[in-house]
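To keep things simple, chains are lettered A, B, C and D as they appear, and every chain counts its residues starting from 1.
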Amino acid sequence: MPAIEVVLYSGAIGLSIIGLTGLLLLNNVFRMLLALVILESGVNLLLILSGFRLAGVAPVILPEQLSNLSAIVMNDPVPQALVLTAIVIGVGVQALGLAMILRIKAQYGTLNMLKIREQLEFDLAVQSGVATPVSAHSPVSLASGRERQLSNHKDEQ
Amino acid sequence: MDNIVLLVVLPLLAAFLMPVVARSSEVVARTLGLSVLFISIGIILNVWSQSGQIDSQAVSIVIGGFLPPLGINFYVDQISLFFALAVPVMVLLFWPWHRATSIREYSLMMLLTASASGLILSGDLFNIYVFYELLGIASYSLVAIQGRVSAVAASFRYLLMGSVGSVMMLLGIAIIYTQTGTLNLAHLSLLAPEKLNNMLGLASFALILTGMGVKAELFPVNSWVPEVYGSVSSNLAALMAGLLSKLAVIVIVRLLILLFPQPEALQLMGMLGILGVLTGELVAWRSRDFVRMLSFSSIGQLGLIFLAFSIPGEMGMMAGIAIALHHMLVKPALFMLATGWRGAVENLSGVARRSPFVVLLFIVLILSLLGIPPLPGFWAKYLLMVGLSSQDGFIYTLGMIIVPLAMVIEMAYLFKIVMIMYRKDNDEPAVNNSNIVDDSNIVDDSNIKVVQKHSKWGLAIAASVAAMLIAIVLQLQPASDKLLSLANQLSDRNYYISTVFPQIHTVRMQSIK
Amino acid sequence: MRNIAGLLFAGGLAFLLLVLASYLPYGQTPMFLGDAILAHAPGEVHTANIVAAVLLAYRGIDTLGELSILFTAAAGVGLILGHRSLRSDSAGVNGAVNSEQHSGFITTRAVDLIMPLLMVVGFYIIFYGHVTPGGGFQGGVILATAFFLPVLVRPGTRIEHGVITLLEGLAGSGFILVGLWAMFYDQPFLQPIFDSFLGTGPLGSLWSAGSLPLLYLAVGLKVGSELAGLLVTVSEVPELSETNISDADDINRK
Amino acid sequence: MSVLDDLLLFTALASVAIIVLRRFAFISKFSVVVYVLATVLLIKMSALGYGGEAVYSSFTVNVLGQVLQWRFDALSWFFALITLVVALFTALFMSGAWGDKYRKEHSKEAYGLLQVALILNVLSMLVLLASGDLLSLFIGWELVSWASFMMMALNPDKVARKAAIKYIVYAMAGAMAILMAIAMTYNMTGSLDYVQVMQGMAQLNNSQIAVLVSLYAIGFGIKMGVIPFHLWQATAYAETPGAGAVFMGAISARMGLYALILVIVQIIGLTRVAAIEIPYTFLDMQNALAWVGALTTIIPTYIALKQNDARYLLAWHGVGQGGYMLLGVMIADSIGTAGGIMHVFNYATYQAALFMTVTAVIYRTGTSNFSKLGGLVTQMPLTFMVMVVSIIGLAGIPPMNGFVSKWLIYRALLLDGQPLLFVAAVIGTLGTILSVYKLVHNTFLGQLRLEHQDVREAPLSMLIPMLGLAIIIFATGVMPGVVLDWVAAAQIAIGIAPVEHNLGGIELVQGGLNMIWVTGVMFYGFAVGAIIFYFLGGKSKHIHQYDNYAGGHFLTSKVRYHYSNHFYAGLMHLIGGWYRNIFIKLEYALVSLVSFMSQLSENFYRSSQPAMLVAAIVMLALWYIMSADGSAPVLVQGLQGGMSK
């Protein structure tokens, strides 16, 4: 069955690459998180494919099969357990990322990765009391960011 | 011996129970975590004292009663026992006493402890992945809750990098599983020469290296380091730079030894190590901020460790372990000193007059970091250089040139700080650095907070580290013997396999094969 | 520049991964572990659902790890979103607005009716996890949904976190305690216990598989409470500023 | 317990004692006693100076499969003798009035730290000299570097701080070169023990030797301050606090020469070095090193000529004189090597004396700037005398000891058939003579400045060591045989035929040297001149210092007969400033390069998209791995292009 093989493998890899491309090209952090979800599901698909066996059935023993267990071809149960674990891990990461996005949005007022990075660098520089590194982007955003930063400081104190 | 498992389980139990207990009594909940740490230390010391043979003999501990490769096992040898001891000790040392925000933070610390112990002890590939992820999520959370929103932003960027990395690692594990159909490290190691000694095996190594490399501050996937260390408290930074990165390195090395015998794998790691040393030290040279400097220096040191471990043979293994252990001692101590010296290095002017003892401590630490004989750092560098020069390849020759260069650069910036510290107060205005573009970027003085007071605890840690370094100098001979035995045990594949599958189990092994 | 680099790397990676995938065996992977487990599991742990056997018995500590991951994530989310900056303005404004944003009568009543059914389904899936495809994770997610639906139809409802905290803490420690129980009998940690009281029934019946159903119950409760906690915590975040989330994606792409 | 154990242990304990007691007033006397005792211990090993067996320390360390050991041979003993004698004189010098003033101007602590730095320097040098294998050599080497750094860093001025940082960066670079070389030596010869390495060297081919020699020469050369690594030394030594500069200037940089002789001459062997041809030149490696020495005599000496500060002038000379030693050692015959090694002793004596006189001048006048000095001869005649004796030595004029060593070097160059090197050395000497005249003229001659009217002679505590050194300079000049005995023993130790000598000088078939005779003739000449002068009724007339004219103008009190600016204006115009800027620009370019690279790397770490790096490295790593595999599809193979191994 070469056809289905190609579809499955290229589907799994294509899914991961769609996710990865999204991560690389998007600027919106929320969309980046969604892209991460797609990436993870692509890899999970690949992982579960590794447990597939031609003509195999799900690894659940039905009562009527008990008599001739050895005759049944079952798929590998291990990757299924692994994928279950991996999915749950993915959920944890996504939840955490979402919470961070909410917090960032609330305080930086933006979801744009470039602006967040700029603001982050500015904050780090302010905290340590050194001048900010030269930015390729307009100084306007820095200046406005600084005002916001100062107001945040007031909030936090 | 079996209660080594408790090192992982008890912290988890404590983490789960702490929020529950805190509802009735906050104090009990807090002591719960600490007592678990003490119990962990007690367990390890007990194991150490009880079975003197741990020095020569490793042990495999079965979990769930299913013998490997079916079940998951913990592998306890000298180096994992050492790190398993280091985990609770260092967590205890860098416990966030001062910021009692929420009981959940302590809970996170306990989870960090559990995952770190699990990571170093585990003998199963996927189990390593699970603990690695747990470690990752616990550290993202811990970074993100450090108060300021900048910590959250840094942590988010860290999370993105880390989770893409771990997805890559999962991909690598999937490839390995399709090739071998097993996950136990010893079993994989048994099958590796036959099944993984090909392009797919190498590709999975590259993927796993990238994934684990995020936490191990491997060269291209370490851009989170300065952001995160710059925005978290020194305690956490010390823990992350000192302990967590080394754990990831040791796991990578273990996988490398057991699963990937190809020279290309070593070369790949060595190349990334060299680039890490070079870029880390170069950027540190430029940075004007003490903590940022330490973070980049940490990147550089981790690069050295990777380079050292990429040298085949005993010398490289010894060098790698030596540099890793040395950095594990020195970097946290430096971060502890940084608690009092946060901010621009220019502000440190005249510190030496106010606290000469602290500056002296700092000098001892950085001298060892730089590898000045006879301090322990020197012996590590010496091993590295001898190891590098014993190899022929292009990468090792390059390393031979880059490492001394990086050391000179590291010296230059560290001693620039020392000289600033010994400067007379206000004898010259702070040098405006050339980065300032226009007035809008100049930071108000009101925002600069240079706390000139160290916590006593941090100083005590730094002082004891310095004392330890000197003690090692006085005990060079036993220390080098110990290092040799550690290296031998870590690099012995067959020993690992025969420990996990002693003769009794071979029958069952046959049935699996 | 960045887009070009991104496309380059992603495209290159796609190509290389496809090349790698062409080497992967399809449908005939070596199954050392899988075969051995398939052969031993019915006899050793008496579960009809062999995935459950892998999850709870053979790789029990993995499952413990993943529970911890959920717990960590929940704790992290709680701490991040519990920050003052997100809390300060939520109390006054939200309550007023949200009472008017009440969902309609039909939805509310439907949810009230569905909720207990969902609970039952969830617990069914958990309890039969070792016999049928299903188990703690799946059931836990359904439990969380059941718990969360009322919140969804009544935005602004304040949920007492105490119950969730208690549940997640106790469920997690329950899992560990079952594992430690084995250690009392000088067995390794997480060794399944087959005892006169615990499931000694024939394979495929509910009352089989020793202590594994207990573990699955702990997993289900844990997953349910963690997810519910996560959802509730996120739902309590006050609405962010008026700017639509996608508006922020306006970076000048030149 | 051998005598070497006693010496090292005693010095180490003394260091601890001085560190503990540094704030007490008696520390200065205490340290003098320490150095006297240490010298006595050293003299107990004086058999070494006359061809005795090497003395081994009973203390060894076994680490990482290496046995670290320590031992003294004739060469070490000779260098140790110089070190301890100079340290003794320095301690004596700083124990009296100078120390009191320093203590008052700075603090008790500062003075105590100076004493600590001195004893640590001495200790580290002894450890270095005693090293018995390459690893212990490296340890000693680093200790010396850091002890010197400590001494330099004691001056809190900005210039001094910068110089110290520059020094330690250079020193680290050198140490790293040495570490590389040692690691390679270990892998090539399988050992680090001197004897075994020496045997192992025989099996190495020329390219291996070339790499080793270059690395060792760079490492040791940086400490010596040879071209092109000369930029750090002068400022660093000149800015070291007074008495410290005496010690540092006299001996510190010579540790580089010791190690160079030990490793390149003794262990590797100059015949091996000479066998290495440098492509595209007519030079072999030995000649190239000799030329480095020759250039080092010339360039720093002419830089010294331009200095306007006595300390800097002397320090630049120190760099230049190192070139003579390297040149002498690199000639490789018994006369040249003897000249090179002997020059270390001679140089140490007169450089110490010169720094002492300059320090004494600073002590009395508060400055060493030539523009603010002049005419002090009437006020400080004894200091003047010491300086004159020393500069005669420095310039290499009989009857002082500098003449003997320089004569040996010239003689060896001529006998060896190296006319170009000879000319270079002569040019260097010419520069030396010109600049020492500038020193003595602008400090002591000319007209006294008004503000120095009431300057008095240096205090006795400072005069005694100065005069003592002057006597040594003269005595060893007249009777070089005393030193030549030790030099000959050292030559035997490093495997070179000893120079044939007697008390008065050298015995040589082609024409020897007898200093007793030379001195006799000289004094005879002086006597004859004086007799003729007085016999013919010559009368000397005492003229007041201010009583002179210039260009027909009487010099008023406002315009003094004194011109330190543009002192050798014509000469300076001739040679121009071209040579100096090259090296400074080179250094600057290096720093700029590092800075540029650093900026590049920093931008890398500021990537806006964290996942980009992961994707990039995964792709590149997979590419690297798959292109290395022969079984991969053709397309991947084709991709490897630049990534080929």
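As a working rule, a contact is a pair of C-beta atoms (placed from the backbone, for glycine too) under 8 Å apart; a residue touches a chain by one contact, two chains touch by 3 or more.
Note that the coordinates shown come from a computational prediction; the quantities given were computed from them, not determined experimentally.
Peer 1: Give the identifier of the chain nearest to the protein's overall CA centre, each chain being represented by its own CA mean.
Peer 2: B
Peer 1: Could you state the distance in Å from the CA-based centre of subunit B to that of subunit C?
Peer 2: Chain centroid spacing, subunit B to subunit C, equals 30 Å.
Peer 1: Need the CA-centroid distance for the pair subunit A / subunit B, whole Å please.
Peer 2: About 25 Å, centre to centre.
Peer 1: So, what's the distance in Å between the C-alpha centres of subunit D and subunit C?
Peer 2: Centre separation, subunit C to subunit D: 73 Å.
Peer 1: Could you state the distance in Å from the CA-based centre of subunit A to that of subunit C?
Peer 2: Computed value for the inter-centroid distance: 17 Å.
Peer 1: Enumerate the residues of subunit A that touch no fewer than two other chains.
Peer 2: Residues 16, 20, 23-24, 32, 46, 50-51, 76, 78, 82, 85, 89, 92-93, 96, 99-100, 103, 107, 114, 117, 133, 152, 156 of subunit A touch two or more partner chains.
Peer 1: Which residues of subunit D are in contact with two or more other chains?
Peer 2: 602, 606, 608-609, 611-612, 615-616, 618, 622, 626, 632
Peer 1: Give the residues of subunit C that touch two or more other chains, as numbers and ranges in rising order.
Peer 2: Expected reply: 2, 5-6, 9-10, 13, 17, 20, 22, 24, 29, 31, 33-34, 37, 59, 62, 65-66, 69, 72-73, 76, 80, 85.
Peer 1: Report the topology of the inter-chain touch graph, choosing from line, ring, star, complete and other.
Peer 2: Topology of touching chains reads as complete, every chain touching all others.
Peer 1: Can you list the subunit B residues touching subunit D in their complex?
Peer 2: 157-158, 160-161, 164-165, 168, 198-199, 202-203, 205-207, 209-210, 213-214, 219-224, 226, 264, 268, 272, 278-279, 282-283, 285-287, 296, 318, 367, 370, 372-374, 378-379, 381-383, 385-386, 388-390, 394, 400, 404-405, 407-409, 411-412, 415-416, 419, 422-424, 427-428, 476-477, 480, 483-484
Peer 1: Quick one: in the complex, what on subunit A touches subunit B?
Peer 2: 16, 20, 23, 29, 32, 36, 39-40, 43-44, 46-47, 50-51, 76, 78-79, 82, 85-86, 89, 92-93, 96-97, 99-101, 103-104, 107-108, 116-117, 119-120, 123-134, 139, 142-143, 146, 152-153, 156
Peer 1: Mind pulling up the subunit B residues that touch subunit A in the complex?
Peer 2: 126, 130, 133, 137, 140-141, 144, 147-150, 152-157, 159-160, 163-164, 166-167, 170-171, 173-174, 177-178, 181, 183, 226-227, 230-231, 288-292, 342-344, 347, 433, 435-438, 440-443, 447-450
Peer 1: Give the list of subunit D residues in touch with subunit C in this complex.
Peer 2: Within the complex, subunit D contacts subunit C at residues 608-609, 612, 615-616, 618-619, 622-623, 626, 632-633, 635-636.
Peer 1: Quick one: in the complex, what on subunit A touches subunit C?
Peer 2: Counting only subunit A, the residues touching subunit C are 1, 5, 8-10, 12-14, 16-17, 20-21, 24-28, 30-31, 46, 49-54, 58-63, 66, 69, 74-78, 80-82, 84-85, 88-89, 91-93, 95-96, 98-100, 102-103, 105-107, 109-112, 114-115, 152, 155-156.
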